[in-house]
Structure formats: structure tokens, C-alpha cells
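Each of the next two complexes has chain A plus one other chain: chain B in the first, chain C in the second.
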Partner chain A sequence: MAEFFQYVIGGLAIGSVYGLVALGFVLIFKSTDVFNFAQGDLLMVGGYLLFTMVATLSLPLVPAMLAVLAAGAVLGVVLQAVVFRSMIGRPLLTVVMVTIALSLVLKAVMQIIYGPQERTLPSTLPNDSIAFLGLRVSSLDLLVMAITAVCVLAFALFFRRSKLGLQMRATAESVEASVLSGIDANKVFLVAFGIGTATAALGGVLMGNLQVISPQLSALGLLAFPAAVIGGLTSIPGAVVGGLTIGVIQQLATGYISGAAANVVVYGVLMAVLLLRPYGLFGSPTVERV
Partner chain B sequence: MARMRTSYRQEMRVLSSRARVGWLLLGIAALLYLPSVLENQAIFGYGLTNTQLLGVGLPQVNYALIAIMAAVALNLLVGYTGLLSLGHAAFFSVGAITAAVLDVQNDLPFPLVILGAGLAGAAVGAFFGLPSLRLRGLYLLLSTFALHFIALYVFREYQNRNFGFAGISYESPTIFGFTFDTETRWYFLLLGLSAVALLTSRNLLKMREGRSLVAIRDHDVAAGALGVPVGLQRIKAFALTSFMTSAVGALYVYYLGTTTFEAYSLEFVINYFAIIIIGGMGSLLGSVLGALVWILLPSALQTFATSVSPDTALIGPLLNDYQGQTVSMLLGLTVILIMIFKPGGLNSFWLDIKRGVSKWPYSS
Partner chain C sequence: MRFASRFGVLLSAAVLATGMAACGSDEGGGDSASSGGGNTATPREGVTKDTIKLGLIYDQTGPQTVAQTPWAHGFLTQINKANDEGGINGRKIEILDEDDKGEVPVGIAAYKKLVSQTPVVGIAGINGSSIQEAALPLIKKDKMPLIGPQSTVKGGFIPLHETIFYVIPPYSDQADVIMKYMAERTGKPSPKVAIFRLTASSGIEVGELITRRVQDAGGEIVADEEMDVTATSADAHAQKIVSAKPDWILVHSSPTMAAALLKSMQKLNATIPLISTFAAGGPTAYDAVPKRFGEQYEYTAPTTPSDIDVPGTQQLVADAEKYGYGEEAANSSFVVGYLSGLVAVEGLKKAGPDLNRETYVKALESIQNLDTGGISEPITYGPGDRAGISATRPYKFNYDTKKFEAIGEFADYADAITNEYAGG
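This part shows the complex of A and B:
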């Protein structure tokens, strides 16, 4: 039984990273209709940027993490302005293809810059073992969960209380109506991409602390999709709950079956949710003709 | 000059005009002469250097022919029927597994193996096409993720249990005592099969069945109202294209001689998407052009790399140490540029040229 809870706690830690990345993904999807296939690669970029700042520029860890967040936001804004602005109103397929191509480019560029070998951060956030109700809990896992919780809280406040947050919710509801009421939709799109990419970069930063930095991180980042779908694709709290669910399922499957089978179980759950409840756990059922 | 068609029969004709017959004969002659040009590196006795050939040899051409067939299948599914699927690598691996089971383990003859691979692919495709009855667009794309990872897992387990980590080896196939063990022999086999695949697809798209696929892509509700059984046609599209893909997948592993599950990654799928986008979605000619670009780009880069010293700033290491990455970066950038400026891909460039020439000097 202790083993079971051990897996669950590890799953919650890694799942909170998935949830964070899924959150950024849902934010972009909701407000700009761009299904960002490159979200996992942006996570990888975040991890590598952190490595550069800590290992090459030898910045202390915490300022470096904040710098990566800022760099991620800038990258998102640039991507929106240069690539995705011309994709507004284009068919779904076109937009998906562009993000797939973007993922190809990001992966290639990162490998050219950093080479194929794995990188490890010279120092990570504090990683001590804490005994808790007979379980060994890593302080790093707890810290990762806490950071995610703070981010989710900040998002919730931002969307409920701030003017920009209100404008973003309005644009997600209907772009035309919000433009008619004087909202600058372009600004909203830029902000959405900025925040979405920054959360992906933050996911990469946390992953960099939890494990090695390698091109494989982008495959882990892909798990943000099942997380977002389980949560309902357009629900922000849903994304986080979905991420936690995926993390726990993945760790349990890895622990009890095998690492290779974990993917099959996770994507099998995704398939089941899609067939039985396509609008996810938190989405609202919309009438869609098929 | 595009002529008005006045009957269905004209529409169905393989060769619509006399001029076409001429072009076709010329094309066939060129394709038959190609192996000799590449092997001897000379055209009508006039020698060509490796650089002039862009480093292309018969292996690249054979690889391109395989890519053409697989790209046609993907284009039928994604470009013509509008069903987004990431299952391409999964169907390739179905072909590879079937070939291993039927030939390596049970010694069945080559044509039966290819047919069996196709049928296995069609069955898997029809099954994983079932979500398309309920899901559309993005949701369908996500459900094919599941297909991809399940196929990869099955392949991995099968390979590790029966063949070990190094991979599966396939012997050169034999038809009636004739063994395909040289590049030239493979060239003629693949050329023939590509011609069959292209002609079949072209004919299909002019028939009721094929046109109903395009109707579903353009407006499924309207297509349904016109009497097209939308769900059934979607499943058929999945079955047909996965038949083609898995059969090509089996050919591919025979041609390579060896394979391992690691080859069938998501990047593999993404490369095929890049091919059909660069060539042109919903265009058979586009699939051919895209596959050619995809094959020619790496070999052209490689040839170029030999004339650039590895110490040259910036492009030296790009061309010498990170060739694969440079290729995928260029492909990705091309796709983005094409999507922004010319969504029809290379095919629409070709159509522009054709229209420009036929209307000259009146066209803009």
C-alpha cells in the first residue's frame, strides 16, 4: 500500500507539471483557436534555456528560472506576431500543420545548439527526503506542486479580477462581439500566446529540476494534450485536474506494469474519454453534428 | 488549355488528348533510361559529376518512390477526405510486423506477404477509424495519438520477444525465382507499383466513391443530405489508405532489409505531413513533388557539404555535423512559409505556371 501512495505522490508532482503545460495550451486554444502542437517543444526549449542560464551564464537558480519565464513570454509574443497572426480565420488543418512544422523547427534548432546528449543542471531546487506518515516524500516534488498551485491561483485571480483577464474571457467567448465592444483582440492574442508559452517554459524549468534535459522532454510535453482533453479542452481548472490525473495514471502504470506500457495506458484513457465523454470532465457538452 | 468536358466518359479517360500521349511516352522513356543515367553518371555519353546530379543515386530514387506511394495514401486520407490522422507510422509498423510474421517466421511468398500486410492494415485502419463516426477534427487527431502509441508498444514487445533489441532482418524478396537484390531491380518494381498506386488513386477520385470523399471533406452535412453515407465512407477511407500504407510499410522494410520499432516515431509521421503540405494537400501531383523534394533536399545538402569545409562559420557545422537537423529545420520553415503565403503548395505553383503558359500573353 505504501508503494501505491508513493507512486501517487510522484504522479501528482509530475502531473502538476503536465497540468501547468496543459493550462497554457488550453489558454492559447481557448482565446486564439490555435491548437498548439508545439507546446511540448516549447517546454523543451524552456528546459534548455534554463540550462544555458545556470550552467553557461552561471546565474543563481531562482533568478534564472524567472528569466526563462520572461524569455518564454517573449518567444510566445514573437511567434504570435510573426507566424500565427496570419493564421487567424484559416482552417483547422492549416493551423495544426503550422504548429507541427514549428515543432519540427524547434526540435532541430535545439539539437543543433545543444547537441544530442543529455544535460543535467549543476544544481537543482532543494531535494531532500521528508518522512511523512510513513512515506518518503521528496521536498522537490512538494515544491513543484506548490509552484503549480501558486500559478493556478494567480491565473484564477487574473481571469476573475483583472481587466485584461476579463477581456480575454470575452474574446474567448466571441471575437467579433468583443471587438465590437472595443477590445483590442490583437493584444489579447499576444497576451494569450505570451502566457501560454511562459507556462510551457515554466513546465520545462520544473522538468529540468525533476530529471535530465534532453530532446525527449518534448514527448513528455505532449502529455499535455491528454491532460487538456480529460479536462475538457476549454476548461482551465479542468486542464490542471487532467494533468494530475495523467501524472498519477502514468506513474502507477510505470510502477505496476512497465515504462513502455505507461504511454499505452495514458493514451488508452484518452481514447476512452474521447469516445464516452468528448467534452471531458469539466467541459460543457456542445451539440456538434458528426 | 483546359477543355470543357461534355460527357462522363471524357472525364474518365486516362489520356485526355493526343498531346498527353506524347508527353506520357516521353515520360516513360525518361523513367526507363533513368537507372542507366544514375549508374553510369552520364547522359547520352556525356558525363555528369556527382555535384551535377545533386548526389542523387538510385537508392535515393527508390526511397522517393516508396515515399510517393505512402504520401499518396496520406494525402487521400488527410488532403482529400479531411480526416486528420497521426496513424501513418502506426500503419507502417503494421506492415513491418505482418511482413515479419508471414515471411521471416512463416516463409510465405512475397506477393502474399504484401497482400497480407495490406489486409492487416485495412483491418486495423477500419477499427481505428471507428472514432471518426463520433469525433471530428482535433478530437479525431487526438484519438489517433492512441493508435500511434499502441502500435509502437505492440511492435516493441513483438520485436523484443522474437528478435531481440537489434531489430528484425528481412531477406530480399523473390517472385517466381526472380530475386530483387539490386537497386535497379528494386527501381523497376517500385516504379511499377507507384504507377499502379497513382493511377488507382486518380481513377478512384473520378468515381462516385472518390468524389464522395471530397464532398465529405468540404461539407459533411451537405454530403449526407445528398445521399452519401458519411460514416461508412469515412471508415472506407481509413481502410483503403491504411491498406496502402501498410503494404508500402512492408515493401519499405524489405527494401531496407532490416528495421526496428524505434524508426516509427512521431517525427516519422510529421515528415510525411511535411511532404504532403509542401507538395500540396488534396493533390496527387503534389504528393509526388513533395516526396521528391523531401528526398532531394538531404542529398543535395550532403553534396553541398562536401564542398564546404567543416570549419566555415555557421554553415560548416550545420552541413557536416547536424545534417539531419538542418534538413528538418529547412523542411519545417518551408512548411510554415508555404502555409502563410501559398497554402496550395508546390502543386499550386505548377498550376500557376500551366495557366500562365496556356493563356500567354493574356494572363497576368
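This part shows the complex of A and C:
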């Protein structure tokens, strides 16, 4: 039984990162209808930015992490203003192709700037092993879970209590109606991309601590998509629950079956969820008048 | 009118096709036209009066790009150097590089392209073991020289592929050295061993080699974990391995995966001796964890890391800096690529002015005691010998001096090598 809980703890830690990336993905999709396939690459960019801040600029780790969040937000705003603003109203496939192109561009640019080899941070958040009830928990894993929990709480408050958050929710429901009621939709789109990219960058920051930094980090985005879909694609708590679910399933499948089976099980669960609840665990069915 | 228009289009297409065919036959600079079939090598494919065309196939954008790009840069360092020194017999080497994306179909398509569409006299790379395994029948049929792939596969040695010239030893030799060294290091000749390997052809091969040797020594495999190269966490693997309480862990993976395993073991506060094949060597795994965990990790390699001062590594560092790859000089893949490039250039020199695929193979086979300045044992091929280097030895990282240290000399491990794949 201890083994089972050990897998669950590891799954919750890595699942927290999936959840964060999925959260940014859902936020952007919900607010702007952009299905951003570059989300995993934005995570990778966050990891490399952290490396620059810590290894090149010699910033202490925590201020460096905050600086990466700020840089991620700025990058998101710039991407929205330069690339995605002109995509509003375009067919879904066109927008998807643009995000795939962006994904390839980001990966290539990072490789040009940082070279092909892996990068390790000279210092990371504490990764001590804590023993309790026959289990071993890493302080780093606990920190990652705590950071994710704080982010989810902050987002919940932002969307429920702040004026801008309410405007974003209104825009997500109907852009036309929100514009008619005086909401600046362009501002909402900018903020959505800023926050969505900052969460991806935060995922990169955490992965930089959990693993090494390499172009492979972008593959993590592939697991953020099923997390978002399982959660319901437009549900913010759903994205986080989806991420945690994917993380735990992945670890259990690896532990009890094999590493090669992990993705099979993850995508099998995704298919099962979509067959039983096409709108995801936290989504709601859309009713359209015809 | 309509008929005339259609006829005109058909005529234009026929003229265009004829013209393209003519261009195609010139492209190879050869003495006869290419059939494009992939198995009808013309005598001088890829060789013109002024140029020698070499193919370079490696993962540029897929999951193994982190390991294979430094290898390619090491190879290109030698090519650039040869060109700067005036080329080979009055010809400059032109590299036609292809991205296999780490995928078998893409790698095979790249190979076929370099055989007949943009023909080359030889190919370097095809580093992914799964892609290489799939390409073996084609390489044999086309009699295409393949130089210095970063990974060896058993199928390249048994049966012997006459046109493949490896630079690193087969995994059977590496497994022999690992067994000898780990018995000395742990004092357990009949060990309980855990295997951590990547999900690729070479992962299966290394797993089988180590399993057989451990069982022959009276030991047992207590865990056999395979990790996908794109996986993001090794936590569950580490948990299973630690629970199995092995005497030591065999790692065959990328450096990124080895670092992930060490980080996961750090979370579990587990300090178990680890030994890796050369593929996961280099600084990455050591940089990822503190000394207490990193000093458990050692790796075997046929090449000397660039921070160990021998004439060959001094030259390597100087060359790497000259051609813009200075930051990669410490990477073990770069070092292997550098030696692969050395072999490719030496073969071209030995082939002389009458260069074609057949003479290139003969020239490569004639390489004897090619001096690497102490980076490795001298490289030697011969009839039935395509390993190039057989000697290999373990290395560890000294966290205090921040430098690698060789554990003994290459010769210290020569008696352990059984040459299981020798002779084809």
C-alpha cells in the first residue's frame, strides 16, 4: 500500500505542473477561442529564461522565478498583439496552424540561442527527502503542489472578485455581448494571453527545478492537452483536476505496468472520458438552437 | 483548339520531364545516370571534380536532438577542418544533412534520398538504434558506406555489415567492462542488478546483454525499467528500483533521462551505485544533483572527456572553439562525433582520387592504428573488424575539482572483453 501512495504523491507533483500548463491553455482558449498548441513550448521558454536569470545573470533563485513570470506575461501580451490579434474571427484550422508554426519557431529559436545540450540550474529549490508514515516525500514535490494550489486559489479569486476577472468571464461567454456592454475585448485578450503564458512559464520554472532544461520540455505540453480535455476544456478547476489525474494515472501505470504503457493508459483514459462525457469531467454540454 | 491546348500541355510536360531527368543525371556528377531505385549505385555517386558529397543523418528536431546534435557538431568540426586544410585530393567535402526526427519512417526516407535522389559517396549518422536497425537491409543492399553512428546495434555486427564502420565499441564489449568493474566496485561478483533503459532497440539489446551476464555470474535482475525518451518524470521507475534493493543499477539512456533518475532517487534519499553505458555520460547527470547522489553515478566510455588533459583533447577543444562549438566540447556525444569525423576524413584521404562507394569502403577498412591523441585507443578496422575501438573504461566526476577522472587505463579492462560480436 505504501508503494501505491508513493506513486500517487509523485503523480500529484508532476500532475501539478500538467495542471498549471493546462490551466493557461484553458484560460487562453476560454477567453480567445485560440487552441494554443505552443503551450508546451512556452513552458520550455520559461525553463530557459530561468536558466538565463540564474546562471547567466546570477540572480537568486526566487527573484529569478518571479522575473520569469513577468517575462512570460510580457511575452504572452506581445504574442497576442503581434500574432493572434489578427487571427480573431479566422477559421479554427488557420489559428491552429499558426500555433503549430509558433511551436516550431519557439523550439528552433531556443536551440539557436541556448544550443542543443541540456542545461541544469546551478541551484534549485530544496529537494530534501522527508519521511512520514513509511512514505518518502520530497520537499520539492510539496513545494510544487503548494505553488499550484496558490495559483488556483489566486485565479479563483481573480475571476470571482476582480473587475477584470469578471470582464474576462463575460467575454468568454460571449464576445459580442461583452463588447456591447462596454468591455474592452482587446484588453481582455491581452490579459488572457499574458496570464496563460505566465502560467506556462511557471510550469517551465518548476520543471527546471524538477528536471533538467532541454527542448524535450516542450513534450510536456502533449500531456497538458489531455489534462485540459479531461477537465472540460473550458473549466479552470477542471484543468487542474485533469492535470492531477493525468499525473497520477501516468505514475500508477508506470509503477504497476511499465514505462512504455504509461501513455497508452493516459490516452485510453482520455478516450473513455470523452466517450462517456464528451464535454469532459467539469465541462457542461453546449445547447445550440437550430 | 481544345485538343491543341491539351496537346501543348502534354508536350510541355514531356519536355519538362526530359529536362529534369537530364538534370538528375548531372546532379551526381557521375559517369552514368542514376536509376533512382536505391540499389543501383553508379560508380561515382556523390563525387564530382571539385566536391565530395557526404550525407549526415541525425535527429535535429525530435526527442534525441539533445544528444545527437553535439555528435553532428563534432563530426562537422573535422569536416570543416579538412576543408580549411585544402580539402581531400583537391575536392572540398560538401555535407548534405537530413533530419530523421528520431522516427524510423523519416530516417529511412532520408537514407533513400541520399542513396539516389541527391546521391552521396557515404553517410554518417543514422544514430537512433531503431532507425539504424530498420536501415540495415538497405545499407547492405546498396553497399552504402556508413561511418561512425553514435549507437551500435547487434544487427550491424551479426551478420557483419561490410560497409558499416562504427567508432564506438559494441554494447557487448561495454557490458563486459561494466560487469568486471562493478564486481570490483561493489565487491559483489554475483550481484542483484536493476536495469533502467530507454524504449529503443538499443535498450532491449543492452538489457539482454546485462541480464545474460548477470545470470551467468550467478546474480539476478531484480528490476527492469524502461523509460520513454519523452517521459517527464522517473519517479515511479526510481520507486520500483529502490524497492527492489539492487546492489547496483545499470543505466542505458540519454543524459536527460539519467539526470531524471538521479533526481528521483534524491527524492527517495536513495544512494545506490549506478553505472551507465557511454550514451548517458557527460556532465548533465552530475550537474543535476548534489555530490552525495552524483558520486554514486559513473559511466563507461571509449572516449576521454575533454577536460582530461591529453594531446587529443587539447586539439579537440581548440578545434571546437575555432568552429563555434566550444561550449559543446565537454559533451561526450561531441567527442564521439569528432572521432567519427576523423575516420570519415581519413577514409577519404586513403581512397585517393578514384573515389567511389566501393573504394571508400576499402579505404575505411584499411585504417590501422589511427591515432586519436589519447582520446581513445587507436582506431583500427580490418576484414571482419568494424568496431574501430574496442577498449572502454569507467569514468567518474570529481565534485571538488569539477573535472572527470578516468578509473584506470583502457588496458586494465581489456581482459574482460569477450568480443561476443566479433567475426560477424
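The rule is short, and it goes like this: the second predicted complex is superposed on the first by the 286 of 290 C-alpha atoms of A that agree within 3 Å, B and C clash if a C-alpha of one lies under 4 Å from a C-alpha of the other, contacts with A are read in each partner's own complex, and residues count from 1 in each chain.
Definition applied: a residue touches a chain if its C-beta (ideal position, glycine included) is under 8 Å from a C-beta of that chain, and two chains touch if they have at least 3 such contacts.
Note that this is a predicted model, so its numbers are computed, not measured.
Trainee: After lining both complexes up on chain A, report clash or fit for chain B versus chain C.
Mentor: Overlaying the two structures gives a clash between chain B and chain C.
Trainee: Looking at the overlay, what does A:K107 touch: chain B (first), chain C (second), both, or neither?
Mentor: Touch partners of A:K107: chain B and chain C.
Trainee: Go through the superposed model and pick first if A:S86 touches only chain B, second if only chain C, both, or neither.
Mentor: Touch status of A:S86: first partner only.
Trainee: If we overlay the two complexes on their shared chain A, which of chain B and chain C does A:F25 touch? Say first, second, both or neither.
Mentor: neither
Trainee: Applying the document's definition of touch, where does A:L274 land relative to chain B and chain C: first, second, both, or neither?
Mentor: In the superposition, A:L274 contacts chain B only.
Trainee: State whether A:A260 touches chain B only (first), chain C only (second), both chains, or neither.
Mentor: Both chain B and chain C are touched by A:A260.
Trainee: Which of the two partners, first being chain B and second being chain C, lies in contact with A:F193: first, second, both, or neither?
Mentor: So A:F193 meets neither chain B nor chain C here.
Trainee: With chain A superposed, which of the segments 92-100, 128-136, 164-172 or 344-352 in chain B collides sterically with chain C?
Mentor: None of the options clash except 164-172.
Trainee: Can you give me the overlap between the chain B contact set and the chain C contact set on chain A?
Mentor: In chain A, positions 104, 107-108, 111, 219, 222, 260, 263 sit in both the chain B and chain C interfaces.
Trainee: Where on chain C is chain A touching in the complex?
Mentor: Counting only chain C, the residues touching chain A are 61, 63, 65-66, 69-70, 73, 199, 225-233, 235-237, 239-240, 243, 255-256, 259-260, 263-264, 266-269, 284, 287-288, 327-328, 331.
Trainee: Under the touch definition given earlier, write down the residues of chain A that touch chain B in their complex.
Mentor: Interface residues on the chain A side: 35, 83, 86-87, 90, 92-94, 96-98, 100-105, 107-109, 111-112, 219, 222, 225-226, 229, 233, 260-261, 263-264, 266-268, 270-271, 274-275, 278, 288-290.
Trainee: If we count contacts the way the header does, which residues on chain B are in touch with chain A in the complex?
Mentor: 78, 82, 84, 131, 133-139, 141-143, 145-146, 148-150, 152-153, 156-157, 220-221, 266-267, 270, 273-274, 277, 281, 317-318, 322, 325-326, 328-329, 331-333, 335-336, 339-340, 343
Trainee: What part of chain A is in contact with chain C in the complex they form?
Mentor: Residues in contact with chain C: 3, 6-7, 10-11, 13-14, 17, 104, 107-108, 111, 115-118, 120, 127, 129, 131, 136-138, 140-141, 207, 210-212, 214-217, 219-220, 222-223, 250-252, 254-255, 258-260, 262-263.
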